[in-house]
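Each structure below is given as structure tokens.
Note that chain A is present in both complexes that follow, paired respectively with chain B and with chain C.
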Partner chain A sequence: MRTYIIKRLLNALLTLFLITLLTFFFLALAKDPARMMAGPEASEEDLMGIRRELGLDRPVHLQYLMWLGRVVQGDFGRSYVGKTAAINMVAERLPATLWLTVTAMGIALVLSIPLGMIAAVRRGSLVDALVSALGVSGQAMPLFWFGIMLIIVFGVNLRLFPVSGYGTPAHLVLPAVTLGVYTMPVIMRLTRSSFLDVLSQDYIRTAKAKGVPRHLVLFKHALRNAALPIVLMVGMQLGVLVGGAVVTETVFSWPGIGRLAVDSVVTGDFPVVQATVMLLAAAIMLMNLVADIVVAFIDPRIHFH
Partner chain B sequence: MKHSVIRCCSLLILALLIAVPMAEAKKDTLVVAFDRRMMTLDNNETTDRSSLVLYHNWGDTLVYRDPVKREMVPCLAESYQFIDPMTIEMKLRKGVTFHNGEPFNAEAVRYSMEILKDPKTLNYGYFKVFKEVQVIDDHTVRLVSDKPNPTALEMIANMFSIYPPGYYKKVGREGFGKSPVGTGPYQFVSWKQDTEVVFKAYPNYFGGPKGKAKIPNLLIRIIPEEVTRVAELMTGGVDLIRGGLVSPEQIPLIEKNPSLKIDSDEILRTWYITLDSIGRSGVAFFKDKRVRQAVNHAIDKDEIIQTVLKGFAKVTHSAANSLHFGYEPNLTVYPYDPAKAKKLLAEAGFPNGFTVDYYAYRDKSVAEAISGYLTAVGIKTNMKWLGGQWDVMDKNLAAGSIPLAYLSWGSYSVFDASSILNRFFMSDNPQCYGTTPEVDKLLAEANIIVDPLKRKELYSRAQKIIAEEAYWVPLYNAKVVSAMAKNLNFKPSYDEIDRYFTAAYTD
Partner chain C sequence: MILLKRLLKYKSGSIGLLIVILLLGTALLAPLIAPHDPYQQSLRKRLTPPSWMPGGDPDYFLGTDLIGRDILSRIIYGARVSLMVGVCTVALAGCFGVLLGLLGGYYGGKIDYWVITLINMMWSFPFILLALVIVVVLGTSLVNVIIALAATSWVSFARIIRGEVMAIKAREFIQAERALGAGDLRIMFRLILPNVSSSMFVLATIEFVRAIIRESFMSFLGVGVPPTVPSWGGMLAESRAFMLVMWWLAAFPGLAIFFSALGVNLMGDGLRDLLDPRIRSKA
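Right, the complex of A and B next:
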């Protein structure tokens, strides 16, 4: 078990390194932060002054190595534009994104697992067809469009919830539902197929034959076994949720790291982009690792090598 | 167990019900929607218009552009006069205090210029032409330039931020950007970078040409998505959307809503098509004047304005804007005439047209309409859409790699033809894609004299040549559109600087 975790962590480090390499060079190729800061009126001489100030006058690979050297020591550098420590800017916005993604995942689970179970138990029925249709349409709806529809229906027409902003539980509802519905179909379909698989197993038949009540068969015998792939999927979906948060946070003016990442890419604020991307990547890899470990605890058949 | 679940749910529902009406009660606060997180509130350290707009609400300038009279009036200065073409003497207003109680005086003006003359200041470049501020006495200063400076007052009214020396020295450059102190009608209260900036009216404001703030509190909300901004306006979450952040597609929706209204004003931004007349990009088609004239005849400007821009723009034929000093309306005009365009192309040796790369970065629907008009006369465009990234466009323009593009220029709120003509028609500028030696000479001369009549004459001649040579297709002058609650009395301004201190509720 321990060697497995160490191996996974080393793997994660290598992945992180590759991610920094990609983000750094793509961004350096596409963007000139000095020009973004100084505006179109600035002369070439002024731009050079800013580049010197930020250390951008050196060759890109040197910039990268120097940056990497500092990151290894735990220093992500200061935002070019905001002038504050990049890691602090990310940390300040982390709670907002956590609130949003965790609530969204909660909504997704509360909706998808019962629906998936019902569809599996009533396989081939009208209910099953309806759940499938819901899953397909949920998956096909662009996140952006769905968020705006919720704003129009529940914010503008019904006036049930604030349109955008942050601060009260009411502000959380529309963005969390948007993001929850976005991730729900995948979990729902997996629940259905996983349940179907388990329900055809011998031990379920045995349980039924023994006269175990139906709800106990479903919730005790079947759910526990069907849960394994679902837990793994939830771990993976958290990454997808963070990706979705970028769009959701923009639509609902939610002050999280998704918006920070977009803003920083637009302004070419390398240190902030790097800090955000690395933190998110690390978090997602950690989630996946945790999901794997949880599965190992639930499922005694899994052995770590 | 079951009971506690029900209790939790009902508590949550209750919390939601309470939370919603809380947003309603506010008549002493003006809530304005902005689009993007600002990096700093220090106007010297950014080129972001949001920070500039806010500066003019919490700070003042020595001279002020009065949007109603449309002229320059003294503000922090009591009076001013040009002693010679390089020197302006200003008598300063007495008894003015900064929000922290520091007195406004000649030293504050001198120190504020010192900040701008520090190469570490981001906007250092704008004020290079000013040499120094001489303190004559506690309430008299002289602003001295290196060379005759015809747009000095424009620059002072737009960008010369006056900061309190004591406070600035205490908190430093970065501290000031987070918690600014000025003399303006509103004073800074707090700032949450991603969500809001809060101001309140400054009780000891001197009034002057701007007048005291009419609404006691000002709340700026950052809402990046346009549809969300409009939805907030419809539900009363905001009272006003910052000028320039409402696109034509949203206008009919807002106009239909009985509790909202639209107002607009002409602004300095000119939209145009640039043609590479000297072949910098390696594309030679537009070196032929007949091809440039053909492009001019191919575009139906009126139709674009009526259908795509819903009428919120004004046709133009000059490279300068009609609000610019030096604008010339009487010049060569190319009416919409696709048949003539085809004929001119055939004469130039392209009876079957040609294919060319075409760049655009904003207003995609107009960019696509232009592409359609060009295709109709045989010029097939290979559209490169840069999705709002003006910096990428700018880099490519300066590098000389753009054969054809749909562009705009806002003249940095300088109401003088030099602010657009110099940049695009003086041969030593990297943004120049076509000019004549005569235009070059006319513009250079107008730069160093201050006599208005003579300058007007020089700019008029330059614009006539530019139009005759068809270096551009000048399309339209934009309008700034503000959307607001019906009970709000507010006018957007022709310099695109919203004056929130003038806003008032009618009920």
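Right, the complex of A and C next:
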């Protein structure tokens, strides 16, 4: 298992390196950072000065190697807009994103797993039909539009929650529900189908025949066996959740990394773009790895290669 | 045709198909069915509510936007953009992804290692950031939005098709063809490709939905389709300042995205059930 984890971590490092390479060369093709920093009325001499100072007058591959050398030491450069260290800007926004994603995942799990279980146990019932309808419509719902609708209904008309901002638990409700509902359908549908699979197995029939109480059959025998694909899917959904956070934070003006990333792409603040992309990508890879390891603990049949 | 007949036997699949036909019809016949010119402005009639609400105008069924353009007509024309974005993105991403999946799954070894690394790289990249970066670099236009979306959508095709190719290439009929002297290209494109086509269809519907939703979000951020072109996401972006108090500005373009996505999803689910022999035998 240790060898497997080391292999995966090394592969993650290679992937991360390729991501930085791709982002760097893409950004090098985009706007001229010197012009952005100096403003539209700067002279050619001013621009040359800034380019020399930032090392932008050198060939792109050398710029990349210099940048990589600094990143290894934890220096992502200074923001062109905020004029502070890019990594500090990202670190400041991290708690807001963590709050949002953890709460959203909590909401998604608390709602989707019981609903999926009920739908499987009462297959063909009205509840099952409702859960299926909820799953299909949830997957068709544009996340940002759902957020806007919640703002209109619960923020503007009913005045139950603040429509944007950050700071109190009330501010968290609408963004977390939006993001949670976005993640819910996939987990709910998978819980239903893996429960249906497990419930038709012989060992469940045996347990029932032996007179094991229904709740024990469901929660001890079935849930443990159905959990495997669900945990894997939750791991994969964490990545989707990070992508969804970018959208949700933009709609709700939530001061997290996602909104910072969108703002910095639109304004051309490339050191911040690089820092956020690296952090988000590393988080997604780490979460997938953790999900794989958790699965190994749940299922002793899995061996790592 | 046989596939279509079978699809109609599935209730949800037929509802999906009906919505997709409606979407296609709306897009193709837009100039004939739109009650007004989608570009025609009328400042006197700006922000008119839907016709059934107080202050509504029967000429403007879903009301007008902030410069007096008919919302229904813009939604009808917006179907063209969504459809074009969906179809072109799926075509581009499908070709590239299926090709990579075929190469990785068939040849294995070093080629597969790099295909997998590329897939992992894209899988870890928050899609919307990559799409935004590409549009910022290339500039905002319909073509660039499609390129940006295709650059993020090919991954699912490559990932799933690679897995299927690995399973199929070990089958006896492939080995028999190889023993008879069939070349790699023939095996990949004439024998393996038709066997993965059902997954390709299903993936195409999933990626189609993703593309139209992502396009609408990009347009909402102002980095999607240029504002002069009527698009559903663009309509949401334009009405941003007023939509909180004038709900119809946000509700109807969003519902158009929702129902299109729902239709294609239902059709995709129906297709999946139809093409998966294990499920079909139970139905």
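Heads up, the rule we're going with is that the second predicted complex is superposed on the first by the 288 of 305 C-alpha atoms of A that agree within 3 Å, B and C clash if a C-alpha of one lies under 4 Å from a C-alpha of the other, contacts with A are read in each partner's own complex, and residues count from 1 in each chain.
One rule holds for everything that comes next: contacts are C-beta pairs under 8 Å (C-beta built on N, C-alpha and C of every residue); 3 or more make two chains touch, one makes a residue touch a chain.
In this text, all values refer to a predicted model and were calculated from it rather than measured experimentally.
By the document's definition of touching, of the two partners only chain C reaches A:Gly243; chain B does not. Legend: residue contacts after superposition of the two complexes on their common chain; A:Ile151 is shown touching both chain B and chain C.
Look at A:Ala30: by the touch rule set out above, it reaches both chain B and chain C. Of the two partner chains placed by superposition, only chain B is touched by A:Ala42; chain C is not.
Of the two partner chains, neither chain B nor chain C is touched by A:Ile293.
Applying the stated contact rule after C-alpha superposition, one finds that A:Leu130 touches neither chain B nor chain C.
Of the two partner chains, chain B is the only one that A:Leu260 touches; chain C does not reach it.
In the overlay built on the shared chain, the residue A:Val163 is in contact with chain B and with chain C.
Within the superposed three-chain model, A:Ile19 lies in touch with chain C and out of touch with chain B [touch as defined at top].
The intersection of chain A residues touching chain B with those touching chain C, taken from the two complexes, comprises 30-31, 148, 151-152, 155-156, 163, 250, 266, 268.
On the side of chain C, the complex with chain A involves touching residues 12, 117-118, 120-121, 123-129, 132-134, 136-137, 209, 213, 216-217, 220-223, 236, 243-245, 247, 250-251, 254, 257-259, 261-262, 265-266, 269.
Of all residues in chain A, those touching chain C in their complex are 11, 14-16, 18-19, 22-23, 26-27, 29-31, 136-137, 139-145, 148-149, 151-152, 155-156, 163, 239, 242-243, 246-247, 250, 258, 261-262, 265-266, 268, 273, 276-277, 280-282, 284-285.
Taken together, the chain B residues at the contact with chain A in this complex read 12, 15-16, 19-20, 22-23, 36-37, 39-40, 46-47, 119-120, 122, 124-126, 174, 177, 192-195, 221-225, 227-228, 231-232, 234-235, 237, 389-392, 394-395, 412, 430.
By the touch rule above, chain A contacts chain B in their complex via residues 30-32, 35-44, 46, 49-50, 53, 81-83, 93, 148, 151-152, 155-156, 159-166, 168-171, 173, 250-253, 255, 259-260, 263, 266-268.
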